[in-house]
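Scrolling down, you'll hit the structures one after another.
Here come two complexes built around chain A, the first alongside chain B, the second alongside chain C.
This part shows the complex of A and B:
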């Protein structure tokens, strides 16, 4: 292995930190949107329910890549036209990082909405009724009763969503964010040995997905403590 | 907003050929993927430990890496191997590796095969023990039991999960636009964007097309589930 190759691999390894950054940022956005979406869909108010349904249905029907291109290219023009109309001279460029985090978060928020909604519905109704009977407020009930219990029901779906989300970050390379897929593509066109660099990038993704799978399995065990399972 | 640009004959034709490529790519990769998935699922649930191990490793790698990397590996990566380079100018099947459509098709098929195999294997494993015992009691062999009893019901029970996979594959075909010289719906939108600098109109039109296609697929699968899984629904009294 020449030193040149080594330095390219090192650059890709560094770029993988950006992948982790985008994934975690998008995860935070998607959890927030997912909770809001689930709350809206379960609120029992027609307008909010319709809004939540509209969001989760529409987003899940459109490819990630198309939404990302729409936000990145369309968003830039949209914001600048808006600024122009407001009489401002300034122009804003959306950074690929921000566009990636926002778009991926927005997309997976729709999937999280469905996961969280299912998890909340799976909690026996008596739990919340008991909390209200104890005089807890809505937010207290959510934080003390609903949230700790819904984690267990939401974890399987959450694990799936997270694994798909990590892999979706590879798409951000197409709008120019210099994460590992982007760097691997550059390294391969510079050195004419694409096979190795893409294989290396794939292996890094595999490491990330395996580590997350392991960690989430541990978390699942922790949140399932005291749960009785039927013996087959 | 200048929607009239989208409805100019040239641009409509561009989207038209994009739709044809996407649909063609979707159905051919689903067909190839389904055949592979059936073989893989049988190996995953079969008696040979070595085959289980190998197919398990395959699905782990396919499901653990992004499709984009898989497409790049096949389109850019394989061309680097001297073994293929020596053959792809003249020797038949290898000449296909120069064609973008074939590379995209191969990547998508291998990808969907990995996901579908795991779903189908899960359904096969969950077949109720009584059905299999009954088949054995009738004197059916392993192969007969698989072919007559387990597979027909397992394939039906995979349908709800498979419908998700089909919609995911429809969305995945948008990655074909990452391969040069492929004109799918997304690349048609990108070309219109590049020509007119109208990102909203171009990508919203593409999004609308994908949305319609997704709803058609979902509707079709709802209908088939209603018919094929009718026997699993609770009995009306």
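This part shows the complex of A and C:
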């Protein structure tokens, strides 16, 4: 392996930290939006339910790539045109890292909405009713009764969403972030030896997803304490 | 109150946006060696990058390079992420509908490449042969317009590399590609010895456009004028030739 190859690999390795950063940031955004979306859909208020349904239907029905272009470029072009109309010379430049986190978070929030909604519905209704009977407020009920119990039901779907989310970060190069897939493309183009760099990138993705799977399995064990595993 | 908030919000968005100064933000997609690529230490380099720097020197601004994936090149320009695209973008009628272009700064011809044992005497002479081309490329347009109509079988691929792989695998008889691309990426490589260029250099504007230019947003007329003057100037003062000779054995400015 030449020193040149090593430096390209090192650049990709550094780029992978950006991938991890964007993924974790987007995960936080998507969890928040997912909880809000699930709450809206289950609220029983027609307007909120409609809003939640609109969000999860629209976003899950459009390809990530298209949404990314629409949200980021559509948004920027819209604001810039507005500024022009108002007679301003200025242009806005959205910070790409924040944009990547928000855009991917916004997309995966829709998937989380459905995952969380299903998990909440899986909890026997009596649990919530008992909490209310004890005089707990809505937020107390959610934090003390619903949340701890829904984790176990949500984890399998959550794990899937997370794995797909990590891989979706390969799209953020479209909005100007140098994540590892784009860096691998650059390296393979400069050296004209694609397999080396793409294999390396694939391996890095596999490392990150394996680590997450391990952590999520531990979490699952923790939240499944005291429950019986299904058996025939 | 609402108006005040709106004003404040727009004000916040604009902060820092005026700091354009003399920097010229140039978009490149550094995945196209030897025109734009990155060295192992991460620096943008290549023919396009050198030409951009020479032009910036001419118009007395500083080039700041913005890396951008190809698929979002034009949306990024429209969103004002950068001022110009100097990244081997061919001037085509379709692109001219949405963006503006300067004059070309290079124009390399495309050519047909065939296995050496196939005799070539015009498109009709290779009827029934199978050629691979890059999907959505100018070469594909030419191949579909001029060769397929004469009975040549055309197969489209997602990447030019895949065309070479399939030629090596024996599934194709040749390709139509940019002479530079196919020269550096295939003919000079192991496995390329059995192939050669045939026929004339293909310049037909209907298919190939008129070369690679600098893309700008519509309405940047002054900048366009300056850049056009800049291209003429570096052609005249030998700077272009110096950059050209660093990467190529012949003049890529073309006809």
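The rule is simple: the second predicted complex is superposed on the first by the 221 of 232 C-alpha atoms of A that agree within 3 Å, B and C clash if a C-alpha of one lies under 4 Å from a C-alpha of the other, contacts with A are read in each partner's own complex, and residues count from 1 in each chain.
The rule is simple: a contact is a pair of C-beta atoms (placed from the backbone, for glycine too) under 8 Å apart; a residue touches a chain by one contact, two chains touch by 3 or more.
Owing to the predicted nature of the structure, the values given are computational and were not obtained by experimental measurement.
Asker: Based on the superposition on chain A, does the combination of chain B and chain C result in a clash or a fit?
Answerer: Superposition check on chain A flags a clash between chain B and chain C.
Asker: A:73 contacts which: chain B (first), chain C (second), both, neither?
Answerer: In the superposition, A:73 touches chain B and chain C alike.
Asker: Which partner does A:201 contact after superposing on A: first (chain B), second (chain C), both, neither?
Answerer: First partner only, chain B.
Asker: Tell me which partner A:83 touches in the superposition: chain B (first), chain C (second), both or neither.
Answerer: Only chain C is touched by A:83; chain B is not.
Asker: Quick one: is A:182 in contact with chain B, with chain C, with both, or with neither? Answer first, second, both or neither.
Answerer: A:182 contacts chain C only, not chain B.
Asker: Determine, under the contact definition given at the top, whether A:174 touches first (chain B), second (chain C), both, or neither.
Answerer: A:174 contacts both chain B and chain C.
Asker: Based on the superposed arrangement, let me know which partner A:8 touches: chain B (first), chain C (second), both, or neither?
Answerer: In the superposition, A:8 touches chain C alone.
Asker: Going by the contact rule set out at the top, does A:148 touch chain B (first), chain C (second), both, or neither?
Answerer: neither
Asker: Name the contact category of A:92: first (chain B only), second (chain C only), both, or neither.
Answerer: Second partner only, chain C.
Asker: What is the shared patch of chain A, the residues that chain B and chain C both contact?
Answerer: Overlap of chain B and chain C footprints on chain A: residues 69, 73, 76-77, 173-174, 185, 192, 194.
Asker: Please name which positions on chain A make contact with chain B in the complex.
Answerer: Chain A reaches chain B through residues 58, 60-67, 69-70, 73-74, 76-78, 163, 167-171, 173-174, 181, 184-185, 188, 192-195, 198-199, 201-202, 205-206, 209-210.
Asker: Show which residues of chain C lie in contact with chain A when the two form their complex.
Answerer: The contact residues of chain C facing chain A are 10, 13-14, 16-18, 30-33, 37-42, 66-69, 71-72, 75-76, 78-81, 161, 185.
Asker: In the complex, go through chain A and note every residue touching chain C.
Answerer: Residue list for chain A touching chain C: 3-4, 7-8, 11, 69, 72-73, 76-77, 79-80, 83, 86, 88-93, 173-176, 178, 182, 185-187, 189-190, 192, 194.
Asker: Under the stated contact criterion, what part of chain B meets chain A in this complex?
Answerer: That would be residues 60-61, 63-70, 72-73, 76-81, 167, 170-175, 177-178, 186, 189-190, 193, 197, 199-200, 203-204, 206-207, 210-211, 214-215 of chain B.
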